[in-house]
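Right, one structure below, let's go through it.
Chain naming follows the written order as A, B, C and D, and within any one chain the residues start at number 1.
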Amino acid sequence: MSMKKINPDYIKRMREIVSTSPYFELLSMKLVDAGVGYSSVEIDLAQKHLQPFGMVHGGVFSAIIDAAAFWAVYPGIEDPTAGMTTVDLKLNYLAPAASGKLIARGSQIKLGRTLGYAEAEVLDEAGKILAHGTSTVIILPGKALETDPPLPPKFME
Amino acid sequence: MSMKKINPDYIKRMREIVSTSPYFELLSMKLVDAGVGYSSVEIDLAQKHLQPFGMVHGGVFSAIIDAAAFWAVYPGIEDPTAGMTTVDLKLNYLAPAASGKLIARGSQIKLGRTLGYAEAEVLDEAGKILAHGTSTVIILPGKALETDPPLPPKFME
Amino acid sequence: MSMKKINPDYIKRMREIVSTSPYFELLSMKLVDAGVGYSSVEIDLAQKHLQPFGMVHGGVFSAIIDAAAFWAVYPGIEDPTAGMTTVDLKLNYLAPAASGKLIARGSQIKLGRTLGYAEAEVLDEAGKILAHGTSTVIILPGKALETDPPLPPKFME
Amino acid sequence: MSMKKINPDYIKRMREIVSTSPYFELLSMKLVDAGVGYSSVEIDLAQKHLQPFGMVHGGVFSAIIDAAAFWAVYPGIEDPTAGMTTVDLKLNYLAPAASGKLIARGSQIKLGRTLGYAEAEVLDEAGKILAHGTSTVIILPGKALETDPPLPPKFME
């Protein structure tokens, strides 16, 4: 894992860019925290998240686990010009939900030169586990998050 | 697999109920076909499906694979009063997409008394594979899809 | 999770039965510890575990993860007449190994009335993570481990 | 997938090397066929493959699925100096077995420049499906299978 100190301004802007990206807004999903090896993602549940049986659709859980695993690994990539994409996702639905809030915590398990691997758990507001999964990611040199204006430097001097 | 012949009116109404359920509408996802052991689910991609790197978010692929696997198994459950829920989802992202249409085909691999298992592949309009995954489901006696008015009989006399 | 106190004699005999079962002996795999919600499984690596590239075969990692996840959940099933079988296995190979010892720690994440879910990590003797995975299990009423002589009572009075 | 024609002598020697490697011999596992995009792997079941409940251990199924997926992809790598390793494995156990033969068929779903992805199904001799899974692999330049004497050329002129 990175020995460099990450720039809090970078994380702040990264969180804003991610939380205001289209699919995050569509799902009311927010990257509420992130750092080297961890992330926290939340969704305020609403009617729009339900499947025809009246419960939260599996795709909501898979989206928040995908996001929490991804943003737990991305901050720790030492090459500031590198991007990352998801290779796979594996998850179990452990209990249904119909309202309230989904709180996902992502934790990096491994970050190598090419591949990363992280897990994420999804809890409700009472701390009950609703879903858990893992995800493999691959580092893409030269494909860093691009923004206008550019992000602040990723690491502190 | 079921020896009974499924009622086409049941499938027609089931497809309508599913395609107009909240999360399907949020994602512009449609259950375009389904029968004993198979399904077809489509999404017309738009700006709303994108992540911050400008590509379709992984959660869109996981939602369509979850849905295609689920609705490939549900029609074949012989007990018309039984419902079903997803136990797990495993998928690989094989190529990115940014626009066009996602076409998922679900295929049941096994349906036992308690558990089912299906796979789904996601193609673009040119037939290129974009994602592939599998899902485990569990049958829930007494938890069939409830609608007002009720669904037509599931099986033909 | 079980409120009942598990019988240490049951665990001791269970560990012996498991560790001397054929596939455990074939792989030199030992259930070195287990209790409600956790397990520890080890393999002393030898030439026999290698694939044609000279490293430990993936099937060794998948066997120890399957075993560690399974035996982390089995002790906590409250019905002493119930057995259990594995529904699925998902794992990532994180670093290769060629010799030494594999140490797997299984941890139950959820145990419901029908399904259970656990994770396991595999470390080498220096504590480096080599593999990680999860597994879904299903409880089978009336299919408890049978032995001659019978196992001691599972729970304390 | 490769446009080059693979050398049948390469495949023949590759199958021999794989089938006589230590873990294949330990499990009585044989790579009975392979080519660009497919493989066939078999195990003659014996007492040694059983877990304490008297059925084939999950680790036998995971080993044969890992192997069938791997050897379905390896032949199609165009760079003859490249090796490959498994990134992950995902599988479902669909029916138990206690004797007879396991027959696994591996099929490549995608082979990119860095990653590959394949599925494998395990059947018994009557054609009943016993297990199914998928695996992600990564190409390792310069890490081809090394043998003494060297393998024949991988591709025909």
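In this text, a residue touches a chain if its C-beta (ideal position, glycine included) is under 8 Å from a C-beta of that chain, and two chains touch if they have at least 3 such contacts.
It should be emphasised that the depicted structure is a prediction, and the values quoted were computed from it without experimental measurement.
Asker: Among the chain pairs A-C, B-C or C-D, which one reproduces the interface of A-B, with more than half of its contact pairs identical by residue number?
Answerer: C-D
Asker: Please decide if copies chain B and chain C contact each other with the same set of residue positions, more than half shared, or with different positions, and reply same or different.
Answerer: same
Asker: Mind checking the centre-to-centre distance between chain C and chain D? Centres are C-alpha means, answer in whole Å.
Answerer: Roughly 25 Å separates the two chain centres.
Asker: Measuring from the mean C-alpha position of chain B to the mean C-alpha position of chain D, what distance in angstrom results?
Answerer: Between these chains, centre-to-centre, one finds 30 Å.
Asker: Mind pulling the residue numbers of chain D that touch at least two other chains?
Answerer: Residues 87-88, 90, 92, 136.
Asker: For a test of understanding, state which residues of chain D touch chain C in their complex under the given definition.
Answerer: Residue list for chain D touching chain C: 17-18, 21-27, 47-53, 55, 57-60, 62-64, 66-67, 70, 83, 85-93, 96, 143, 145.
Asker: State the interface residues of chain D toward chain A in the complex, per the touch definition above.
Answerer: Residues 87-88, 90, 114-115, 136, 138 of chain D touch chain A in their complex.
Asker: What does chain C use to touch chain A in their complex?
Answerer: Residue positions touching the partner: 90, 92, 94-95, 109-110, 112, 117, 119, 121, 129, 132-134, 136.
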